[in-house]
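Structures for review follow.
Here chain A shows up in two complexes: once beside chain B, once beside chain C.
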Partner chain A sequence: MSQWIEVCAAEDIDEEDVMRFDHQGQTFAIYHSPDDKFYATDGLCTHEKVHLADGLVMDNIIECPKHNGRFDYRNGAAKGAPVCVNLKTYPVKVEAGKVLINTGA
Partner chain B sequence: MNVIATPRDYGLLGRDAKIAEEMGLASAQWYQCPLPRKRLKELMTRKDAPAIRDTLIWFASFLVSGGFAYIFWPTWAALPFFMLYGVLYGSSTDSRWHECGHGTAFKTRWMNDAIYHIACFMIMREPTVWRWSHTRHHTDTIIVGRDPEIAVMRPVMILKIISMFFAIPQTWTAIKSVLRHAAGRLDDEEATFIPEMERGRVYLVARIWIVIHAVVIASAFYAGSILPMLFVGPLPTMYGAWVHVMTGLTQHGGLAEDVLDHRLNSRTVLLNPVLRFIYWNMNYHIEHHMFPMVPYHALPELHKELQPYMPRPNSGIIDAYRDIIPALWRQRKDPNWYIKPKLPEGVAPVTAAMN
Partner chain C sequence: MTEASMVIVGGGKAGARAAVAFRENAWKGPVTLISDEALAPYDRPPLSKAAIMDEAEPQPTYLLDEGMMASLEVNFLRGAAATAIDRNAKTVSLADGKKIPYDRLLIATGAEPRQLSLAGADRALLLRDIGDSVRIRREFSEGRNIAIIGGGFIGLELASSAAKRGCRVTVIEAQPRILMRGVTEEIATRIATRHAEAGVTILAGASVGHIGSDKIVLSDGREVAADIIIAGIGASPRFRLAEQAGLAIDNGISCNTYLQTSDPHIFAIGDCCSFPHPIFGNERLRLEAWRNASDQAIVAVENMLGGQRQYEAVPWFWTDQYELNLQIAGLPHLGVSVIKRVPKEGALILCHLDAEGRLVGASGIGQGNSIARDIRLLEMLIGKKASPDAALLADPSFQLKSLLKS
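Presenting the complex of A and B:
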């Protein structure tokens, strides 16, 4: 079921950065890419359940703060050890300066 | 007073592994000093320039020391050059393995990977196995039964520690491990931290290494000289190991086990620029464990940021060993004893699971 949820104002996340968003017991990571687009993935690393929002965004990569595992946050692809399982991604849109994610996707 | 030694089970499949899980010490949440996200991002920024500069100096040092060792061989004049070459081969590779394994030395991924593989070969740490064991070391730092990289186990065996300075146990373990992996097998403990999909890579690298070592040994026989084996293979790993063991023992030696606060189980030591080049700033070890995404070149800055929350760092190797040697000596008979670093006033340590 499609369910768009307001996360924050677009300006709340710096370019090439990430923010944590918790909703109904689930945690997400919301990314602002260097080319001014927004993306969303599950908030926890698939390797050891560490919050990715504490990690480092480099171009289109999010690096986990604990073991430096890397994902392409645009499609959730794991980019090599120690992460082997892809991240789930969610649709994102910006309306009236607000970032919204579709958690039902 | 008689002290009763509690036998510890450091095996990853043993009694203490189960206890660690029951106590919430496995894959637990660790204490982190407060640091504003903006500042942390600045410190985490990846750069190629510092590591390229250091790697060029590193390669040049290999060439100069190795070149003069070759020229002066077989006279005594070759000895100091072999000593330098050995430290580069058997010690500086420890920090290159480490930093490139984290992927933080260079911004460019392939550069990290290239230096990682070179360093792994020299220090005889199989790249895939050690990548995964180090991952576990960061998840469960000095948690008995969980951390496969606890260098000093209690009760402490002094002779074993002395032999580590010549990489005797490390090399013996590495040779057995490479042969086992070349035969297509992992042991039961390795199977706990190396995922299925990574195992083919383990076997492939082990077979490549055996071919390289066989070529070196064959060339020594062909030349009728041990010289090739002094440059490549287990010998330089062993005769050059002492510096990385000297610095490596400062990381956790004598400190607490089974805590969730790196300030209690890790140590920061201030070193001179030469040792910091060899060790690539891993002497800022509490800082590294607390924020492993900060590259080696930014660790001195991170150290300054975190000082209000940190124990006093040791002022040098001698100062650190003034703490470590008596502690290890005592832990021969009293494995429950450990050094308790003094934190700044008003800063509380975290000793139990927070989640």
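Presenting the complex of A and C:
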């Protein structure tokens, strides 16, 4: 049965920023978009397994810190070479000021 | 009349990226990729690092494999040495006598490691391709004495990889310190200290006198035990093909800002070419850098298909040694003053400003990717020719991103 897991307080992530979240051996990247919504993806770049949370968020794009692969973090879409495999995304919700993620586990 | 054809000489990062870029730009005609290597294009950065350190025998990380090549309809000629360009007939000759016609030609032949020129130099291994990497890795067994001539990026990456494998490593650098060309003394000292912690001996200001069968004798008489010798003393652009065809050469194949050579039908990209950089007063640069290879491919291909786009990406470079990551953006050597920024403990970023206060370079070192985001933002500011306030640059709590939006 999948369940919602608490990540952090909503104010812990600035708008247009990203935070790393590790849970049960899996690593995720949690995003706060410029229009004040939250999103979650796999934490590692699909290109060379680099932590995306060290990368730069610009609008709705996360850029890998190593090779500048870019993804739209809202749907995980890879935006061209060197990344060609989309990122997996996860449902996120905010309740009582807390960010929650559903990892499907 | 035959169909217009795009031909690329060179199967490294630049050539492979260009092959893909033709299709991204909806070019439907033939694309031929000529490579003198036996393998499909693979990534080179791991060759001095992961390929040496990993437990498993290194496997190439393909940039374009057979399947991708087939789906992109790229005509890949492997193990094929291009021997001549006939600019009148517009053909490239191969060693086997074949002639490949082109409408537009892209030269991406890269660079090759410089050879030592002294007695015994044939003992020194060089690193260029994956075969070299496999050979070097085989020699890096525990307890062996490895002497590396050259304290530049390749030499130091190999030193850190050799230390990880338990070798006894000495780096011999002729300049007064390592990375003289690449970074400031403060950053070089951090790297040197980390090497010392790993047990690597760095002999700076040392010149090689001669090479013996199991040692290197320095000019001052000191001896360095050397079961294996590796030379990492820089690379030379490979431009013989272009030179023989009469193309202008200027520290590599001379291109304009559109990456076009002195022949309007021929373009050149990557380590083999030099080009004037518009955002740095058209200073002529030749870069040996992974991202440059790929960014230039994208621009050159657009221009080969009729575009008019100047290449103005900000130079960017990285090296990984141990857990440390060093990055350089822009041209720090153009700076006259340095602003220090410490984004987090153990990380250091230097912002290089010119006499007018314009940000012209950024260099940094830190664990893992701790400096990546700030360097990326500084790179964007360099590209915008920004002159940010020095106090803001120095303040780690100040978000550099806000400077991009003002």
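The definition used in the following text is that the second predicted complex is superposed on the first by the 103 of 105 C-alpha atoms of A that agree within 3 Å, B and C clash if a C-alpha of one lies under 4 Å from a C-alpha of the other, contacts with A are read in each partner's own complex, and residues count from 1 in each chain.
We adopt the following convention: contacts are C-beta pairs under 8 Å (C-beta built on N, C-alpha and C of every residue); 3 or more make two chains touch, one makes a residue touch a chain.
Source: prediction; values computed, not measured.
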Requested in this report: Based on the superposed arrangement, let me know which partner A:Glu6 touches: chain B (first), chain C (second), both, or neither?
Outcome: neither
Report task. Could you say whether A:Lys66 touches chain B, chain C, both of them, or neither, answering first, second, both or neither? Result -> both
Requested in this report: In the overlay, answer first, second, both or neither for which of chain B and chain C A:Ala81 touches.
Outcome: both
Query raised in the report: Looking at the overlay, what does A:Glu95 touch: chain B (first), chain C (second), both, or neither?
Result: neither
Requested in this report: Have a look at where A:His51 lands relative to chain B and chain C in the superposition and call it first, second, both or neither.
Outcome: second
Report task. Could you say whether A:Glu15 touches chain B, chain C, both of them, or neither, answering first, second, both or neither? Result -> neither
Query - Residues of chain A contacting chain B in one complex and chain C in the other - result: 55-56, 58, 63, 65-68, 81-82
Query raised in the report: Once bound in the complex, which stretches of chain A touch chain C?
Result: 14, 16, 50-51, 54-56, 58, 63, 65-68, 80-82
Report summary line: Per the touch rule above, chain C residues touching chain A in the complex are 17, 20, 24, 291, 294, 318, 368-370, 372-373, 376-377, 399, 401
Query raised in the report: Once bound in the complex, which stretches of chain A touch chain B?
Result: 17, 47-49, 55-56, 58, 63, 65-68, 70, 81-82, 84
Query raised in the report: Given the complex with chain A, which residues does chain B contribute to the contact?
Result: 27, 41, 44, 46, 102-104, 107, 128, 131-132, 135, 138-139, 195, 197-198, 291-293
